[in-house]
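Following this message is one structure expressed as structure tokens.
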């Protein structure tokens, strides 16, 4: 049931901003996914390699609170903390905070699982071992 | 406190699918936003025109349940039902269902507000009147 | 060496506009790709199905002239005309024009090929037959 | 008529890959735009700030040769070399090369201009001075 913390720094690119001049709501999910996949890679789980093998990491549910909007060029950190919710479900708590002033931008709680070729839930061994420690 | 129902049919485009061969999680927020903005337009509220006037419709929170994944070319309907949650907050219930078999794809609950130039919450008059009926 | 003409009507979605308030340059490639894939589907070639079989339709070169910028909600038509450039290369001429006034938005010339599992150029039979007529 | 060289390192994010398992063609324009805007920022020109002032940097034409496809996680460098083509037009030569083996991925030639509030071409003073040296 242990939680791990991972952090990734990124910056807003102009094409990610929409006609309101701020990062589009959907783009934060790109940021959150990228940080999550980098976290998984850091513990030996490669999202793309697993997909090529027929094991798909799948998002089941997301809850996102939008606290403030990022604008062009803003630097921010995305954190990831993982915990096992059930034998086949992992919870990720992910926050985005703006680096210029430390203010919270996004609070996310995401639930994920993994499915094998037959569509059955099956967590990668690295995740099982991570939480068995 | 009345709710209105709106529905929009769309189809998956190939570039919206990721390396798992299914629509990327973030793209559903694009679909949901587009249907929501079309709904707003149908009741006389133009997201882009408001932004140009300095009134920004803003998402405060989303909860999304992912039920199944759409693949290339799949046709689907996005529904929108709105209700006033408080003097300055609107709730939108949005579902995506696959047209080939009617199966649920996405269930979303989203909370939005609007901010004027001074960053103060201020709902467009059309929304206030909608729920005053 | 025959050319075929195909046309698809679409409309700008708000999330496709960037901080200049117009459709982002890269998004036109999404529009062009989508119309091209719909054209290919209309002659029996399914991009996604081919990819699943290990045959990848690949873009080799694009030339795009940007004539004017589309804004939120604008309706437009994308046309596709194909011609065989060599035994393994197909040229697509694609134009985007704004429906409100018929003005040209985009002129594109794109060269594509197809690669089999071994990375060798190999056109799908439907394309070969199309141009053999 | 002087040319300047700028280089930016980036890496492929999973959500940028499409159902062929490689970076989608349109996404390279995102990479190229981001590197170009970072280059402009390095010489004192801020794309977003200019847009807010009513001066829009605009792409007139792109030519892109696709040499090979990037996959999940691949690291690459985007270079930018600028030259003045006319009193109101700037040419940017941009290459993308894969860092693992130095192989060329993209060769791009892009022509841009800038428009003031009245839609007239007007280059920012920093660009005029850059090429006047």
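Labels A, B, C and D are assigned to the chains in the order they are written; within every chain, residues are numbered from 1.
The definition used in the following text is that a residue touches a chain if its C-beta (ideal position, glycine included) is under 8 Å from a C-beta of that chain, and two chains touch if they have at least 3 such contacts.
Every value quoted in this text rests on a predicted model; they were computed, and no experiment measured them.
Undergrad: From the centre of subunit B, which chain's CA centre is farthest?
TA: Relative to subunit B, the chain whose C-alpha centre sits farthest away is D.
Undergrad: Between chain pairs B-C and A-C, which one is joined by a greater number of C-beta pairs in contact?
TA: By the number of C-beta pairs in contact, the winner is B-C.
Undergrad: Per the centroid of Cα atoms for each chain, what is the distance between subunit B and subunit C, given in Å?
TA: For subunit B versus subunit C, the centre distance works out to 29 Å.
Undergrad: Which whole number of Å gives the spacing of the CA centres of subunit A and subunit B?
TA: Taking the mean C-alpha position of each chain, the two centres sit 22 Å apart.
Undergrad: Measure off the straight-line distance from the CA centroid of subunit A to the CA centroid of subunit C, and report it in whole Å.
TA: So the centre of subunit A lies 33 Å away from the centre of subunit C.
Undergrad: At least two partner chains per residue is the criterion; list those residues in subunit B.
TA: Each of 14-15, 17, 19, 21, 24, 26, 30, 33, 48, 72 in subunit B touches at least two other chains.
Undergrad: What does subunit B use to touch subunit D in their complex?
TA: 14-15, 17-19, 21, 24, 26, 72
Undergrad: Using the touch definition up top, name the residues of subunit B that touch subunit A in the complex.
TA: It is residues 19-20, 24-27, 29-30, 33, 48, 51, 56, 58-66, 69 of subunit B that touch subunit A.
Undergrad: Please give the residue numbers of subunit A that touch subunit D in the complex, ascending.
TA: Against subunit D, subunit A makes touches at 13-15, 17, 21, 30, 33-34, 37, 41, 46-48, 52, 71-73.
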